[in-house]
Amino acid sequence: MQAIAVLASGGDAPGMNAGIRAVTRSALERSAVVWGVEDGYDGLVNHRMHPLSSRSVSSIMQRGGSILGAGRCEEFLDLEARKLCVNYLREHGVEGVVVIGGDGSMRGAKELHKLGIATVTVPGTIDNDMPGTSLTIGCDTAINTAMEAIDRLKETASAHHRAMIVEVMGRNSGYIAVQAGITTGAEMIITPEHPVELSEIFREMELAGQRGKRHFIIVTAEGAPLSAPALTERINAADNPYEARFTVLGYTQRGGSPSRLDRILATRMGVAAVDALWAGKSDVLVAWQRNGIEVIPADLDAPRANPWDDTLDKVQRITTT
Amino acid sequence: MQAIAVLASGGDAPGMNAGIRAVTRSALERSAVVWGVEDGYDGLVNHRMHPLSSRSVSSIMQRGGSILGAGRCEEFLDLEARKLCVNYLREHGVEGVVVIGGDGSMRGAKELHKLGIATVTVPGTIDNDMPGTSLTIGCDTAINTAMEAIDRLKETASAHHRAMIVEVMGRNSGYIAVQAGITTGAEMIITPEHPVELSEIFREMELAGQRGKRHFIIVTAEGAPLSAPALTERINAADNPYEARFTVLGYTQRGGSPSRLDRILATRMGVAAVDALWAGKSDVLVAWQRNGIEVIPADLDAPRANPWDDTLDKVQRITTT
Amino acid sequence: MQAIAVLASGGDAPGMNAGIRAVTRSALERSAVVWGVEDGYDGLVNHRMHPLSSRSVSSIMQRGGSILGAGRCEEFLDLEARKLCVNYLREHGVEGVVVIGGDGSMRGAKELHKLGIATVTVPGTIDNDMPGTSLTIGCDTAINTAMEAIDRLKETASAHHRAMIVEVMGRNSGYIAVQAGITTGAEMIITPEHPVELSEIFREMELAGQRGKRHFIIVTAEGAPLSAPALTERINAADNPYEARFTVLGYTQRGGSPSRLDRILATRMGVAAVDALWAGKSDVLVAWQRNGIEVIPADLDAPRANPWDDTLDKVQRITTT
Amino acid sequence: MQAIAVLASGGDAPGMNAGIRAVTRSALERSAVVWGVEDGYDGLVNHRMHPLSSRSVSSIMQRGGSILGAGRCEEFLDLEARKLCVNYLREHGVEGVVVIGGDGSMRGAKELHKLGIATVTVPGTIDNDMPGTSLTIGCDTAINTAMEAIDRLKETASAHHRAMIVEVMGRNSGYIAVQAGITTGAEMIITPEHPVELSEIFREMELAGQRGKRHFIIVTAEGAPLSAPALTERINAADNPYEARFTVLGYTQRGGSPSRLDRILATRMGVAAVDALWAGKSDVLVAWQRNGIEVIPADLDAPRANPWDDTLDKVQRITTT
């Protein structure tokens, strides 16, 4: 290939920069030109991409966010717009595109593939809800961030005998909630896949109060039936041993210097993505599977990581009693 | 003195444990008995205090929260209840009490003093809004926590060309907001002392958009006229170059391992508080003043730290342009 | 089983407390008595163990180190001493022991097993050099710690155009060095498995100088042929474009609040260890394998994690050019 | 003034970038041209400076190190070389220079002043050993870094009943050692100003052993009579209740994202430095004094911050017993 392009799409995730760096340097090593597309598919639609050198991706691995920007793009949903994007890419000699992002981003890559551009998707989203891979870039850092925040909240909840309702990110997935909850010893974890009745919450609070626990931490996923503020209101309206407060961790979970796991995952996946392009592959996903990193067909219906299996359920139940 | 008591009252603040440790070890050094009162004045009302040894305050300096709990106490507002508290203290030989907390806590200390118990207040609140001292325990850590969170938010805001509205704590004071805003290069800072018109916000956004800034950060104090969600709604309802999102940092600002400044301030103030009791003082505050730590009369009307003077206003205006 | 014991042995590793907590609560859930042995096998030899309650392991998951202590024990190498240990355990009704530690610890567990005590080893060492498992508790946190330190060192090395030689832990394994090196974009990584000639180092320095790199980072494992000070001396004695300084990261890599990966790994492995005891197993290791957590025979000759395979070699070479 | 220059000199310190940013934006606000000199005085000698824009100092406040480099320069000690530097500055219209650095840097600024260039020094060094100011930029971050490292070391020392000898930076000053020692509850602190006899160390170890302390932490300044390795050897050669290990924290103390105190100090001082130049001042230091920030004559013999006064001595003695 003479030239490739790389873009980050959807919500940004820590480690995206490590991925951009690895893609860029791997392709430069093969003497290709590398174009950095700005702000996801929007940069294709609005003709904003610039060449990347080894120097332009220097010292970016430790930074959160994405030096190329990220985001969704409505215009790209239109076929005519996509055809113009392909023209734009071809004018610059671009034969292959590496897309770093979530399932929506993979859907876009699939469309480019249909129009004759080779595409490889690298899974980058904090939510770990991507079809075909058991791990996505950004998820480890986001869980560590949420975990450290809950460690702090526990201290202040203990000082005041409170219930603390902590809402974490994850869109429709409870992955971050489950992991952050277990690693902080949260008394309850509420996720879209595993909602909990109010009556059960109240019963557990009652038991915790009897055991003399100084705090009651509930980690709740953003996709859970009740938002943190709504749940807090319900708890305080009832007769419970703990007064409740809530915290919505929000966008802080997206930022921050990536963990070593996210950096190494992104670096390896970025190298693998370029290998795949040069091996003539297209419409594929770089996935984390049992045997390590594998390049598999991009399939929007492949199974996703299961945040909450029977083992974890038992682990949580036992260890927080 | 034969025995003293120590309590933490009001909202917890990082560094309270360092204060409890210093008070305890200083009094033990003078061969006094030290009683740790649980959950602020509530422990006096409900007869919950226990003796502290050198070992019981070992390895607590680096922990957030308060090993004695904290909090407000409605019952203590009643004179008869307070008299019973004094009886309870006298039964245990307690002649002096060190209270770590904010202005409400100092008010309580004043009432104990009136009933014949010697009291010294050590200023502990993240809000830095305490009469008579230019610095309170917990404030440095809380600002560092808010600042680090905003550093992260900036990364994700940049990746998406967003305005990010960040609400920080501080009750009626803008101290945390001003400090966190300047140290993160926030485009705007909105505080109770220095509210900003919507029209001015919109104008600054317009200018920032023209200059090509990838993000627009507004740090807003919890005491500001508009809450972060309300402000975000107003911004998105108008025609602005940035789409706005908000994050309410909330209780994470209370927790966390204290900074070296909070640890050393609390340690020195705790030692000074015990010195003051042994010097026969009562109804006093351990304050940070120009000449360092001083013990001054507890005066609820003394001036508080000024979060936002002309110099800072200029500094912010110039450095974020 | 009526009673079990748990001990941490060898060097301490972040996550050991999460393991102790999970073992304790799992066994309590089965109504067994749980004895915490102090300071590894030494506590068996010198009769120091105490019963653990659910409360005694509360809020320890987020703390580094080991609440039970750790360490090696010379006396335990003697058969007669070990027989007395078994007597001591039997006197307290202990039928099974969970040992958290490295390969030396597993060797000790094997000896107890031979004397009729059921044993399960949980792999806990920052070095990730344990036979039979591809991941050990503590390794993720240690790498993150080393990585963050190197991120900092890079900043100061850049400001001064220096070569910085950073020695990380790992005993005879280069695992930490390889991971910390790749995730910080280190120019060279030197490990016991993959030593590098001085001439090659000098050549790479020369090339980096020609490319105008402001720093040259070498991550070296403690098991590498030359220590960091010795290597630094050699570099500065030769004619190189960078003046070299060294830092030995040392024991800071052992401490610190465990990462979410270490917490969840330790929690799951602790639960699995107790399951294994109740399933009648002995002389086994709880291992991380392709299919997740598995309980396998304790085999001192099983293969260890390979820190440096061909893929990583390529990844490092390409991405740091 | 039509144009000014800014440089960072000596060892780098966290917060230098915040200072560079504030100087640049303040001078741009006054419509001056701002030259960034590379690598301290070396950039003047070797004609390496480039114009700085508002954008070139964007998002640097949160980064450690110095975007302009730093360092010492032998050639600048020569008068003829300095005269050429002044010519170089005049050719570019530079009338004033802001120097961020320690006492050596201020000495250089004094020499430029003698040759007719207006100079203002901003105190930037982690050692807090600068004449005329009680606080320097970088010191707060360095102490926080050392403190957090010692917190970690304490955990592992406790797990192994060890003495841990931790050497921190500070050149000839014990400031970092004293502050890091007190805020971690170190059993001993050894500084150049306050050396300790070996016999006293042994006696304290003996007492700590008798009281059952699980660790014995000694924080020692790099300027102390014995290095950490030498002291460790002496301790282990004698008959002491603790086996000793050492860690030299080294260059990690220089790096890292600056604390809010260093960021705000550097920002305010940078603004004050430009104000001073425009007020026609030269040969001055921006100092932190009792009344806040003041601009005072640059005096190499002015008193420095006293790391260890009687109060701190008492505080340390009492609180670590």
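First chain written, first letter: the chains are A, B, C and D, and each begins at residue 1.
Quick note on the criterion: contacts are C-beta pairs under 8 Å (C-beta built on N, C-alpha and C of every residue); 3 or more make two chains touch, one makes a residue touch a chain.
Note that this is a predicted model, so its numbers are computed, not measured.
With angles rounded to a multiple of 5, the C-alpha fit of chain A against chain C returns 180 degrees of rotation. Chain centres were defined as the mean of their Cα atoms; on that basis the chain farthest from chain A turns out to be D.
Centroid to centroid, with C-alpha atoms defining each point, chain B and chain D lie 28 Å apart. With centres taken as mean Cα positions, chain B sits 35 Å from chain A. Between chain A and chain D, the centres computed from C-alpha atoms are 39 Å apart. The multi-chain contact residues of chain C, meaning those touching 2 or more other chains, are 151, 154. Taken pairwise by the contact criterion, the protein chains form one closed cycle in which every chain touches exactly two others. Applying the touch criterion to all chain pairs gives A-B, A-C, B-D, C-D.
Contacts from chain D toward chain B in the complex involve residues 18, 21-22, 25-26, 28-29, 54, 59, 61-62, 140, 143-144, 147-148, 151, 154, 179-180, 182-185, 257, 259-261, 263-264, 267-268, 270-271, 290-291, 311-312, 314-315, 318-319, 321.
Within the complex, the chain A residues that touch chain B are 8, 11-12, 39, 63-66, 69-71, 145, 149, 151-161, 164, 214, 245-252, 254-256.
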